[in-house]
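Next come two complexes, and both contain chain A; in the first it sits with chain B, in the second with chain C.
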Partner chain A sequence: MDTTKVAKTNATTAATAKKPNRAGAVAGWADERLGLATAMKKNLRKVFPDHWSFMLGEIALWSFVVLLLTGVFLTLWFTPSMGEVQYNGSYDQLRGIHMSEAYASSLRLSFDVRGGLLMRQMHHWAAMLFVASMMVHLLRVWFTGAYRKPRELNWVIGCLLLILGTLEGFTGYSLPDDLLSGTGIRAADGFVKATPVVGSYMSFFMFGGEFPGESIIPRLYTVHVLLIPGLLLALIAAHMLLLVYHKHTQWPGPGRTEQNVVGFPMLPVYAAKAGGFFFMVFGVTALMGALFTINPVWKYGPYDPSKVTAGSQPDWYMGWPDGALRIMPGLETHIWGITISWNVMLPILILPVVMFTILLLLPFIDAWITGDKRDHHLLERPRNAPTRTALMVALMTMYGLFWIAGGNDIIAIKLHASINQITYFLRVAVFVGPVIAFVVTRRWCISLQRKDNETLLHGYETGIIMRSAEGGYSERHLPLPESRAYAIAARDRDPVIDGHPGAEVDANGVPAPTGGRLAALRHRLRTVWYADNVQKPTPAELEEGHHHAEHEHELQAPVEGHAADGHQFDGHHAVEDEHLRSH
Partner chain B sequence: MSESHDNQHAHELTNVPDPAVVNDLYADPGLPEHQWRPTDVDAHAEKRAERQVATLFGLSAICTILFLVSYFAFDIGDDPDVVGGFGASNLFLGLSLAGALLFLGSGIIQWARKLMADHEIVEYRHPAASSDDDREATLAALNAGLEESGIGRRPLVRNSLLGAVGLLGLPAVVALRDLGPTPSQVEKNADYPGAGLEHTLWAKGVRVVRDVVGTPIRPGDVEIGDLFNAEPETLFNGGEDGEPLEGLALQVGKSKGAVVMIRMAPEEIIPGEGRENWSVDGIVCYSKICTHVGCPISLNERKTHHLLCPCHQSTFDLADSGRVIFGPAARALPQLPLAVDEEGYLIAQSDFTEPVGPSFWERG
Partner chain C sequence: MRLLNRSAGRLSRHRRGPLAGLAVVLLGLLMTGGLYTVFSPAQAGSAASSEEQIAQGRELFLVSCAFCHGQNGEGLRTQQGNGDETQFGPTLVGVGAAAVDFQVSTGRMPMSRPGAQAPRKPVAFSDDEIAALAAYVASLGPGPAIPDESDYSLEGMSDEERQQAITNGGQIFLTNCTACHNFEGSGGAMPRGGAAPQIRGVEPRLIYEAMLTGPGQMDSFSNGNLSPEEKRDVIAYLGSMEDMPNYGGFGLGGLGPVVEGMVAWVFGIGLLVGAAVWIAAHTTRSTKKKVDA
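Our next item is the complex of A and B:
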């Protein structure tokens, strides 16, 4: 029944008179109480540009939702207590064994609650997916320059999400109180004790006395289900709000400029695609939970401080600091009755903080070096910012080498190599590898820039070899389609750097840096930042290139319109009745 | 669009072209023409897509029902149903849930791709910053507010406020003090034996017993090359009325008292200074807790008497006072001085002579 026609309101006009459908009626009801129409007017049809790489952050978002849903299920049965009980559940091998309530309830979830194992495994897989997709999303944002003004703060929020997600993962896999996770907490106790001055006090406060105490599992539980998820939720909300406010970045192309954003409207297409994608992520997690065992805590047994399993390793995202810890030489200072454990402090307490600080500051370091204060909404191809790309590849290489170090025992066993030699190699490689990666990536990017210029000036290679009347051979080049050429050329020219900052000259005619040492450093860094980059052609060069190409076309004119004129695959003309000649 | 910025490039440090990304090589060809999809122009294709979407939704519903059936159909617990080596309940619950979600998701996405309007829309961007007018108005309001509060004019009020609020941070920190006792409080007050960073359950005369079973060991029981995981007998008889320790006392006791014991030919041992009489017939005993970050060490290399920590691969030489020969650990494993009691069982001469486990600041 259409109730809108009889709707009476006390307002001067009937608010729903123009919305005869039911959705409109509901919206009208809500608006009279919440006034949402003004805010929603633009946002319902907000435009989101399309590109596969924009989906990576979405995976992180949806896996977080899966974590919330499965996590709530787990809390209904999990008992965060270190009280000692005798296990009497279904798992035969452990029946009669004394263990903590936390471990016993994890076993109960796995063997005596229908769907409990599925939810446990989905929760763990979703956590893996969450951290992994955040990392890949971060790389995408860096490599395309999407972190630049005005989005630096969203980069910072994203980094905070990454570190909180990592901590959330650590606290989560520590909860079941099995042998493996207990060993992780034991190592964490060692890390805390290595803190200068207050280390042993911090350890005793954390554990409520001596390790392992009876407090750490309930405390980690509060952190895992309340504190960090609350922060994650708030930061994710801020991340999304800023995304909506800034509007999404887009790739340059025909019709896509710094001033606009082109794509599908949120309602209905984007909402449907994103909503559908949530179910896909959820479904894939369920598939993994059904088919792939993860963290089989029943195989490890309850935590026993006198036992350990061979090949003890943390979850993969904790692997890199663990690797740093493994390859650090055993340095300790004993002086004035105190002990300074460099062997633990440097790789575990200092290195991650330094690395994270660098990550957090990257956009600001970039902006400081380049001096770029403009807004950027068009993405850059990684090759067009060689130093930026190389910098992240260097960091990735360092991360990867540390990560490999975290599995040095596994590698030694699988490859029948000496663990000592692997360790010595990695001690050097974590410093040398990033430098090599930086240089190689930078040169690679510059070569790709050169290739782009070649293509703009002389067209693309058709793979068709022409023989001239004189018997000379040449490959036929054809101009790029207009839209492609436009997209490639839609990039900045790098600023030209003068020989010296400020162009001031002192009494002896030697350039004198103005602005002090910091400005000089900045100038040097900026020179390095842009050094050797290849700029896109100038209009004059392009003109000349096209002229040259036209000349070549004239020479090749006799074959134009014939089979094998090189246009078979670029859509310049129909090819239905043409067949490549075969000899 | 074709404006050149070369003249600006000549400047130093501040000269980046403005606005960002100017294409001076090609005129913008504009958005490509909209391509009609088969479902837009062909009624049959449209109907087919509609049926596909509805089929996917239908499959999703079937999977949901399968989930409900699986929930009740398959046994878990003591005697679970097994299919292909998997627990049937987990497998079918997971697969049917995955099916329900994936079919639903792909149905919605198919709907969006084939049937929803696919016209791209252009929206104009606005600078993230507010307009100058708004900024001025806000600044004025801010200044007016600050001015009216008088916070600038009354430093006494301002400073005492800052002081009072700053002080409020202290309770937040101090109130956490009772998270745990300090190391020295534990050493003095704990109600379990061997409490504190400097102590373990070991003491003069405590028998070395096999772990898990708790039986005492005679030197003759140990063959050359054998590695024993051992524990202080106190774990098995240190409770009230000679009961085994339980709960916290047990876990703390194990976390510091676990030892490894190995027998080698006496001439292989290089005894440390003052440790000449710490071994019995070539049997030496060390703390099992790694001096790096505290993992229990377990991997023995029989021929070389090297003991490797599985966590971070620190390697210790048991023939040479537990010296570190590889890896990130910085200190030798603490050695437990051994003796034999009148019944012929291995006992400790004393507690460890140094704290076991990872380093800490005041360790010395």
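Our next item is the complex of A and C:
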């Protein structure tokens, strides 16, 4: 309790507080009106754990801020209209050509507005980084198990942010109305039209008539600058609020439990770190905007449905459905005069929706299979959940192969390969690749777990080769430092799955209810999920391991401290105040 | 008349002089030669050297080209084991000197092996030899001749006309060329290992010849299709793109969004993840010892 303001005497006049300094006065003024102190007292000292992988989502946040800043600049000059004008700006090669106002204003932004091209390029690069960092962040959250209860809904919000970011990107790069973006809109028109029965109606609704019409750019503009950014802002706010409410997850370590958060306070440490990181993200975006050409709209020329260019690709985040479309065999069905274009529908309308639904449901699928309904605030190392890790690596492999398919023409010309052969290869690889990746990753994780156990029980390899009196050689192992051993061993023991549901029989010989076919499936999946898992050593095993080590030490006692000096500088020990012995 | 008679008389006085015979012989020779030049067929003079060139070309052709194109440039079809006929080398009758000049002076011909694509490689012949080969192939049948520089240069045009030519060429380029050669002429893929090569930085004469003859899988844009002026404009546009500074910074190969995505991931995300690692590694410490916080 603060006692400075309590009266110390029994004088007749009331005790008054000393005059506060200027900053205090301002803070006091604001607090009396907004009640900030209560909120700030708690949050300014809020603790965040420290790890590089916790800052990946921050890249997305800061690049979103860059997007807002540069985007506002662009809106001041961009004209979202498909009205036809004759270009009379300073780009020679297109002077006198008729084009839409949208394209003309993009050219004006690029050549006649001071700093306009830099802003355009920064905006575009920031968009690429925004979606990319969201995906990197998503991978971190999955691989460390941070999506588990109570954070499943924040995973869902994150997935919605990812898909909205992708749509925001698509609407954005469609706006300049150059040849590339027009080709993209034409493709989107084709996708919509591939919807059975209602496709053409939807297309006419979207374009306000036949493609391209005059409405698509103004409509996309509204979606791009108002609708999606609004949703993004709201969801980002919700994402961050839930982060504060749940508190950040942390890596296990000495003193870190499911009940606490160990780290540094918001002020001054994290405010400085996050603020500094914003400037780094801004700097990298500015550097890219200044150094690397992105979407040189002036070279594409105005959109004209009769033209197309080689290398017409969407931005990278739309690359994988484009790849699926590229490698899809040309299947079509004709019934009653209606064409069902499986060749467009499957890769573009069905596949992304299915993949996105799977992504959205992953935490729930995981919880359903494992039956784990506990709260988790400590992270798991990827190796300690081999099936989970392998599942995401399989999905990544599939994504990557679709990506490759999306750039098949560029790969063909750069590697002097046949585009047909690449396509045939990928048609098989997108199915086989993920399976191989799954198996390899899973076994890899299990091997790493075994190695961890080995290190816990027998110590780490010191690189010191000992020769026994008999002339035999052996490598000396030393126990891990306590904190390191704790961090490795601080994980849950996997449940042991054996038998099958219904195998349990109660005292009266009545089998437990099986729960039907679904429960059986779940049991089978759970068996696969934990199959071949490696349990961490039991305390008894650890104890035995230590005894073993002590015994070994005894054997090696005669040579202790001789000739092997210097090996304490192996990176596993604090070597403050230690010096190499002078011989 | 009197004057003429007088001068003829004066000349006549020398008719028995010692040099008269020589003068008459010289005069006769001059007249014969002069008359011959006037009345003889015009190409007769160059015919001798051209025939020589064609003969030289034929020699080269038999050594380097006939294996696939046939002894007389008639092309070669081979019987596959399954009875299908395959075109081994196309006929060169009527392809003209322009086609030879394009293919041989870019090193595309002679091909090192048959395949989907004849890649550009070091030139195998000297300029004279290429000219001889071109002359020989041109002699097989009428075809497009090697364009002259005046066909594609903007020499002698006003600034405004040049500007108009470039703008016009850009539109023709975007309509006819970008579908295969990409918006910056960086090239693109064609089916079965073929490729539309990069046309940025290619000499104007070769671009003109390519349009004229349609090498490989390319369409040929005859003069009825794209007039000589339009061809000139396309070349002017490509030239102007090369002279243009890279407004946006490094061009990244002019290959479009695939490379841009790669740069975003490798450079952008790479740098920012590095920054995250750096920030996390540098934190407040109460002791100089590294803490596991």
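Just so it is clear, the second predicted complex is superposed on the first by the 534 of 583 C-alpha atoms of A that agree within 3 Å, B and C clash if a C-alpha of one lies under 4 Å from a C-alpha of the other, contacts with A are read in each partner's own complex, and residues count from 1 in each chain.
In the analysis below, a contact is a pair of C-beta atoms (placed from the backbone, for glycine too) under 8 Å apart; a residue touches a chain by one contact, two chains touch by 3 or more.
Please read all numbers here as calculations on a predicted model, not as lab measurements.
In the superposition on chain A, A:F264 makes contact with both chain B and chain C. In the superposition on chain A, A:V223 contacts neither chain B nor chain C.
With both structures placed on the common chain, the touch criterion links A:M280 to chain B and to chain C. Once the two complexes are laid over each other on the shared chain, residue contacts for A:P537 go to chain B alone; chain C is not touched. More residues of chain A lie in touch with B than with the remaining chain of the pair chain B and chain C. Once the two complexes are laid over each other on the shared chain, residue contacts for A:V440 go to neither chain B nor chain C. Contacts of A:L525 after superposition: neither chain B nor chain C is touched. When the shared chain is aligned, chain B comes close enough to touch A:V496, but chain C does not. Of the two partner chains placed by superposition, A:M355 touches none, neither chain B nor chain C. Once the two complexes are overlaid on the shared chain, A:D375 sits against chain B while remaining clear of chain C.
According to the touch criterion, the shared surface of chain A, contacted by chain B in one complex and chain C in the other, consists of residues 92, 111, 117, 121, 254, 262-264, 269, 273, 276-277, 280, 284, 290-291, 304, 306-312, 408-409, 419-420, 483.
On chain C, the positions that touch chain A within their shared complex are 116-117, 119, 163-164, 166-167, 170-171, 174-175, 178-184, 186-193, 195-196, 237, 240-241, 244, 246-252, 254-265, 267-269, 271-273, 275-277, 279-281, 283-284, 288-289, 292-293. Taken together, the chain B residues at the contact with chain A in this complex read 2, 4-5, 9-10, 12-26, 28-32, 71, 76-78, 80, 86-87, 89-95, 97-102, 104-109, 111-113, 116-118, 120-125, 127-129, 176-177, 179-183, 186, 190, 195-197, 211, 229, 231, 246-248, 250-252, 254-255, 257-258, 288, 292-299, 310-314, 324, 326-331, 357-364. Chain A makes touch with chain C in their complex at residues 50-56, 58-59, 92-97, 110-111, 117, 121, 125, 128-129, 132-133, 136, 179-180, 253-254, 262-264, 269, 273, 276-277, 280-281, 284-285, 288, 290-296, 298-301, 304, 306-316, 319, 406-410, 412-413, 416-421, 483, 574, 576.
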